[in-house]
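So that you can tell them apart, the chains are marked A, B, C, D, E, F, G, H, I, J, K and L in the order they are listed, and the count of residues begins at 1 in each.
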Amino acid sequence: MKDHVYKLIELTGTSTTSIEDAVNKAISRAHKTVKKLCWFQVVETRGSIDKGKVQHWQVTIKVGFSVEN
Amino acid sequence: MKDHVYKLIELTGTSTTSIEDAVNKAISRAHKTVKKLCWFQVVETRGSIDKGKVQHWQVTIKVGFSVEN
Amino acid sequence: MKDHVYKLIELTGTSTTSIEDAVNKAISRAHKTVKKLCWFQVVETRGSIDKGKVQHWQVTIKVGFSVEN
Amino acid sequence: MKDHVYKLIELTGTSTTSIEDAVNKAISRAHKTVKKLCWFQVVETRGSIDKGKVQHWQVTIKVGFSVEN
Amino acid sequence: MKDHVYKLIELTGTSTTSIEDAVNKAISRAHKTVKKLCWFQVVETRGSIDKGKVQHWQVTIKVGFSVEN
Amino acid sequence: MKDHVYKLIELTGTSTTSIEDAVNKAISRAHKTVKKLCWFQVVETRGSIDKGKVQHWQVTIKVGFSVEN
Amino acid sequence: MKDHVYKLIELTGTSTTSIEDAVNKAISRAHKTVKKLCWFQVVETRGSIDKGKVQHWQVTIKVGFSVEN
Amino acid sequence: MKDHVYKLIELTGTSTTSIEDAVNKAISRAHKTVKKLCWFQVVETRGSIDKGKVQHWQVTIKVGFSVEN
Amino acid sequence: MKDHVYKLIELTGTSTTSIEDAVNKAISRAHKTVKKLCWFQVVETRGSIDKGKVQHWQVTIKVGFSVEN
Amino acid sequence: MKDHVYKLIELTGTSTTSIEDAVNKAISRAHKTVKKLCWFQVVETRGSIDKGKVQHWQVTIKVGFSVEN
Amino acid sequence: MKDHVYKLIELTGTSTTSIEDAVNKAISRAHKTVKKLCWFQVVETRGSIDKGKVQHWQVTIKVGFSVEN
Amino acid sequence: MKDHVYKLIELTGTSTTSIEDAVNKAISRAHKTVKKLCWFQVVETRGSIDKGKVQHWQVTIKVGFSVEN
């Protein structure tokens, strides 16, 4: 069995609705240029506030994908 | 351009429904006394359990707001 | 008043829908064998990706429960 | 059931006798102005030294209290 | 010389008197079911507050014990 | 000798020139309302970028001050 | 597709030869009672010293395994 | 309002004069290939020493920039 | 003397034999596209398990390389 | 006013009675060779267990002292 | 090529002017007794406050130097 | 039984072959001047790269030894 190498990139997705949506926005964007995305891990959850409500959820994730040899 | 100073306060919001709702509860409460809330960051996500289900989501956040000179 | 002792166990719940659902899956499973679950804290939020979308949310939590004397 | 919001403040209590006494000094002082203190967590334990002995225990804690709606 | 394997479990001991007593309460309880406890390390020190005083010290520890082959 | 209690507040100072200036801006602002500031510790150093240059240094500090009994 | 739940246990393996051997010792021992071990992560690497040489490598790992529903 | 996605890259800038200069060196270099740099955060401050003086300040930062959809 | 700027990328190397081999696999792969690799630091050591043995060592590293001006 | 330089050393004190006693044992020992000890900070609290009771408290501290110019 | 061994010592430098100056004060002092200082890393940045201004910057660093065989 | 005091020193061992060898190099060197080395813990694993291969493993450890009274 072959030993794979993976690269991790760090992205911040934003969403007006939820943490899950912010993560999916980031992954969806990365998928446009990198097809072999395998896993992610949440690094930080922040957000902006407007008039006493969360305006944007800002979720920073690391995304790992296989690098072909 | 003026150099601002911001203050950060730490709050724990609770909710029976979701992490996002717990965060909004905390921000909404802070907004009653401080109008210039700018951003937040999630510090910790915990909760209480009742009969094998999450009873309350308890999300601790830091909230930053501008301090007028 | 009696001084209680609690035990903490670490679980990873998975869900195709949300972070909250993954946490509830883990707690619900633990409840089958341990009835006195009291609280939990989120340790890590990760996930697997398939075709540019989150496939499974994988949320690791610590769950505390009372140990009878 | 109502969803509460809690505020956390950070205090350093000092004592010549013990860690426990330093924590109680800080909580006792906070109790003078805030009646609904609920819980605390130790953030850091430091101290000053005089002639080869601990002079003051300096224990920094976060104290959480309920914020009325 | 044999290579041992150890298991670590996480416990929260509580006490109305001191941090040391809370740790001993947790270890004493674990000793009822596991005889070969070797060492512990403090993970977190928290507590509940009642009327401006520490009501319960809640000290979370990891306890290691030898697993027989 | 009396056992003091200190309170810590968290502030973010900003400056177009340096980290040191951002810290002093935050302390100077806090000094307007609290006279007994004793010490600070840097929590985080961030900043905004404009046209390939640091626009604002944003330094978050904790500031401790003596609380009179 | 079914949503799995995993449990994580913490073990310290020891070995006179290498870090890898200490990890395998811990996993091998856990395998005696739990068949579905899936993954591990290294938590800490320590060791004892005798006469200026490493006597035992002590590697603490978390091991995750699937819990059947 | 559109939900943006940001990418974070990690850089180490070096300077013989100051921490601020090292950060600006790294940002200035990144600006040559990426125009939409938005913010940075300091990850680590190190340096080399020559004849009892700091020779190079080595400041590692994360830089975030908007990724166009 | 010129002030260099370095970029850090994050990679996960895998190996069936050892931690060192997993690191070298990741570096060797990166070397195919980037010639000026200078240093690395280990971020995390994990692995998969099969039949009570480590199947793949998965070592995540940050690799730094000089960016030409 | 002169700018001082301080050195920090790391010590583990042990005691059969309490955390405070373990800290004082370490400081008392350091005081035999270094007279200008100024402050300490607790790094870690561990201990050995014998027959279900704490046998030795092992408290690791950093101790700072002024280095004369 | 010979395999070197390095020792790391921890120092706190203080300065009334800047973080960089505090670091250089600590390194300059260490250089009086140890000639082969190679690198440093910043561990913590704190300071004392007097009349609403930073009085002393207190920067704790680790300094590494080669130990001759 | 006597209460011991231990000192911890921090060392970086280097090796062209393995992590274990780098640790043993550091311990072996310390043993030349301090005979009572008891235990170590790995603090950081880094290394230098040459032509796409690890040139030197650089492993930083803390080593504890008993200080005689």
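Going forward, contacts are C-beta pairs under 8 Å (C-beta built on N, C-alpha and C of every residue); 3 or more make two chains touch, one makes a residue touch a chain.
Model, not experiment: these values are computed from the prediction.
Under the touch definition stated at the top, subunit E and subunit I share these contacting partners: G. Farthest from subunit B in terms of Cα centroid separation is L.
Subunit E and subunit J have centres, each the mean of its CA atoms, that are 22 Å apart. The geometric centre of subunit G is 38 Å away from that of subunit K, both derived from CA atoms. Each chain gets a centre from the mean of its Cα atoms; for subunit B and subunit L, those two points are 44 Å apart.
Residue positions of subunit D touching 2 or more other chains: 9-10, 18-19, 30.
Looking at which chains touch one another, you get A-B, A-C, A-H, A-I, B-C, B-D, B-F, C-E, C-G, D-E, D-F, D-J, E-G, E-J, F-H, F-K, G-I, G-L, H-I, H-K, I-L, J-K, J-L, K-L. Residues 9-16, 22, 25-26, 29-30, 56, 60 of subunit I are the ones touching subunit A in the complex.
By the touch criterion given at the top, residues 1, 3-10, 62, 64, 67, 69 of subunit F touch subunit D in their complex.
Subunit I makes touch with subunit G in their complex at residues 18-19, 44-49, 51-54, 57.
Taken in their complex, subunit J has these residues touching subunit D: 18-20, 23-24, 27-28, 30-32, 37-42, 63.
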